[in-house]
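One structure below.
Note that the chains are named A, B, C and D in the order they appear, and that numbering of residues resets to 1 at the start of each chain.
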């Protein structure tokens, strides 16, 4: 058996950290050797994730102790934006590969980062070096990357259904791109606040950061421009759903031509993709069907009277929308089977 | 004290029937004297609604026994479409007023009814006589109506925010009207099926009847034409939410002019309305805040880059979206205080 | 019309404060004139409770400003334990009646307070003066009380079904009293923490404060002693349910005799009680059926083989378990109709 | 690589069938070759389980077609009780091993089966031949069994924590065994009915089949007798929880002696068990932490005043409570690694 690659997780106590641990605990080619938390250093992993009791026996350490530990092959960085960029350059210098699950390396242009995050980027040179980790689109670049900027959860759910249409130049540029997206509460992270307090979020649904305020917008627009060669702004409405995991995105657009047969197009792009499933006409994606899995379900419909096309996509925000895709990228970066550790179906019901 | 009006509920065992009973149990000017159910005749109301134990002491009867009972002043009809129209004409002939909570009298044109419900309308003459019971818009006509077609839940949530803009001719006709709406499961009624089985609906969200298939579409388009004088098709995406009650509708459109100050416009139309509340800019409607109440919360935002306007509205589908609005209409029809029996705030949390 | 009584709410921004405001907004004999919050002073009520938009137009003030305001007839005190007792004596001195929704005046013995709350009671003399506000049991004393200690939510749900059996001396003293109780998350208050974070509480159920640690235990045991004349310890297992509102308590015990017909006994005690409903044999209480209402549903069953009796009770923890019962007590204290403002049925579904 | 064993699933469209398919799709040593459904014959598996789209490509067939198909090594039978026993003998005769996930072979005594299921058992001789598939207890017998009666979900959650105490003769026989158990809705199966309709089950909790009516009682009592050598009746209160998956059982009992150190005892019995995890004192089992996994979490506490011991256990009713344990048994029956296909941690959050 081949030697296992060794990975560390920096910021292991949030939901994306926990999801990395859950998935990697079953990965045949990887061993997690190092987990950090500034606040919970000294605690065992199963104190923070009782679901890992008897499965993972690691003690959390402070980042400052990384130096002394044996060097892993890769670090997953699950830190808040602004913090990751203080750490990543020094890690890269040691020859360790990095997959950053946060926002610090997703935008190519420092000015855009400054505009949306109100921070000067500390290592703008890395922005062009970093590869955007939307696996199905950038697979080739990811294989040789040393720094992967793992996509946001909303962007993953939105860009996968849009990619074939934009790449083929089929989207009517005069019609608006309207994206109505709904996310489970785990997308807001593990830090308690009033909005994600059970009694406040349960049995409701609420739009938030409306009016072009959500920080995933520049990331989505950047990739739309990459796919189509043309910048166009989107209208994006994120909404908080009373479920733990899952995103459903509905995208409204028009096509330049009526002649396109969408099913064929999607098959052309995604038939060989292990994790992208195009649903049969009439079936609708539902995040419940991909819960805990790395799958993305895509569907579409056409309004016969208005001609508006609706694209639907469902992912698990913590898996394909974060840690699952990160592991998919890791597999590529180390020449492992791309689906390794990731092929479990969604947990239904 | 004035004499109470007497009402009967035909089809009292579904959710809209139960909601009528809940609300009317506290209405100072109304007494429910007659409740029917073909399947549960002979049972007590609290066998079907344990929440009414000790509160309502009525026994369900078959419709066929109506003749023999004392004639009420009004019947609420909560029957499936197609069934109501077999019964309503004979009830009207007796001089009883009718509020139909189903779809049989909502569409003005028999041909439209036939197209969407695949049935010939049995009393097409009543279609023009029936008043569409969107209270805030048709208050005057409702007061003198003998047959009110109570609006659907989705249409209520969509038409209230659209009305001021359409009435003033402000909506850009070249831009699509896209409506992304999400409903709690009680909107699908009380008959169990696989889609509304707890384990299937819990922790998911799923678009359904996509591609111009939902029967609320012609009702919405008819009223849009009434408001604006111009027919225009909509794109409508209904989605099933894992909550018991509540609808959130998001409407995307553009305005003809940038000069309109939406807050002023909405105030002009709704400031005196007891049940329509315009939220302060930045706040988003959430059906959780109107749960169990007759209130409609409306908000809006503008995308500063694309110019797209988003309207947001939240109602309780069983209250303002059905039984609450029906009682509001009843109050008008009998000269009662419009808010009588309806003024309770939403139950939060 | 009689003049309205004026009430103030001290600590109005938590869930019990919000529930008081919701219920009192519809109370015909009461006007809320004063609401306090140390943290949110200056804000409007609807900023904290959007469900009250257009319904309550009050601005939160600091407690320190009470002096300058017009004196209300009653204060509801919804402060954390330990804080209420710093304030209540001075309020009482002004001749204002008090209903304390917290724990400071529930225990008769200062030593017990010290043991469970790890604080010396600041006004132990008031402990014997305060009336325990379990309305159905202490109605007479409440009518003339100037300080009512409103019961905890768990105790209310547990003491109402136990009272008739204990009062009649029917409970087998040699058999343990085991109470397995489950509460919705709003019972834990409005302050966000990790345990009540949506993603942590959703889709789970977890016992907490097991092994005789929950502070409602001495309150329950004190009343059991009052009812039966005999102290006996209970075994109490509180559990957190993934619902916003509601408590289901299951109580296991044995009776001294097999000759008792429970239905008759409960009828004797509760048939005239407006808010206590004894369910027919075979029906089980469910907090869903009393949601948002002041009702308590009680049921029972007997295991034919072991002879164990199970009592079941369901309340809404915020209504009968807190603010509803407080208003019921207020009605008694001011000679108002006991059910005034409280008679709405539970919201189902 | 060793040849894969071939299995068929009879009754593959319910939740236990779906869970078998989900788990077996990742099992390295098994291939599902045959799936049946009388109602959905001819459909593809992913039409019934969209979560298996692109993962399992099997078509449902009628049971009658089994003859013609290649003979598998094992059949999982997931049929309603009463139906399984019409089929199992003929399957066994062909030399196929059987794991029955239903109730037909769990009770050793035909009379008990008749009493609880109101049916004469058709093959009473098989009742003694069948091995009760509680893996941790009957591992040795299971290895050589040809017919395994897979335990019910409640019994699994209750017997695992009870076993060590009963086996060691530590439980006080004079104290009642009270079991307060709560199950997610998937435990009620996939057939829609009013009790499991989303709007009825959501935001509530309800005891059902109270007063010694639940059919898991004889199964639990039979095993208690097996473990301890002594029959004793239990008091069992099943309750329906508003979650899709998961059971929490709380068991109240007393011990004969105060000298026992429970943590040591549980370690002795379960320390080497891969799927039974004893939580540290103070931590409580929560089905959320074992969701989708084959793990059973066990905790306990002692009331210092009453001496009552509470045992807590959490499982996923569809995994360790049904299909996961069935696969664990299959692994044993075919000499595969016992954890094969089962070692994934619970999905949290």
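Note that contacts are C-beta pairs under 8 Å (C-beta built on N, C-alpha and C of every residue); 3 or more make two chains touch, one makes a residue touch a chain.
Bear in mind that the values here come from a model prediction, so they are computed numbers and not experimental data.
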Of all other chains, the one whose Cα centre sits farthest from chain D: B
A-D or C-D - the one linked by more C-beta pairs in contact: C-D
Chain A-chain C separation of Cα centroids, rounded to whole Å: 45
Whole-Å gap between the CA centroids of chain C and chain D: 39
Whole-Å gap between the CA centroids of chain A and chain D: 36
Multi-chain contact sites of chain A, meaning residues that touch two or more partners: 15, 186, 199-200, 202-203, 242-245, 286, 288-289, 291, 349
Residue ranges of chain B in contact with chain A within the complex: 175-176, 178, 180, 182, 199-200, 202-208, 210-212, 233-235, 237, 239, 241-246, 248, 250, 252, 284-289, 291, 299, 301-306, 308, 310, 312, 349
Touch list for chain A against partner chain C, complex: 15, 184-186, 190, 192-194, 196-203, 242-245
Of chain C, residues touching chain B in the complex: 15, 18, 22, 25-26, 49-56, 186, 202-203, 244-245, 274, 277, 279, 283, 286, 288-293, 295, 297, 343-349
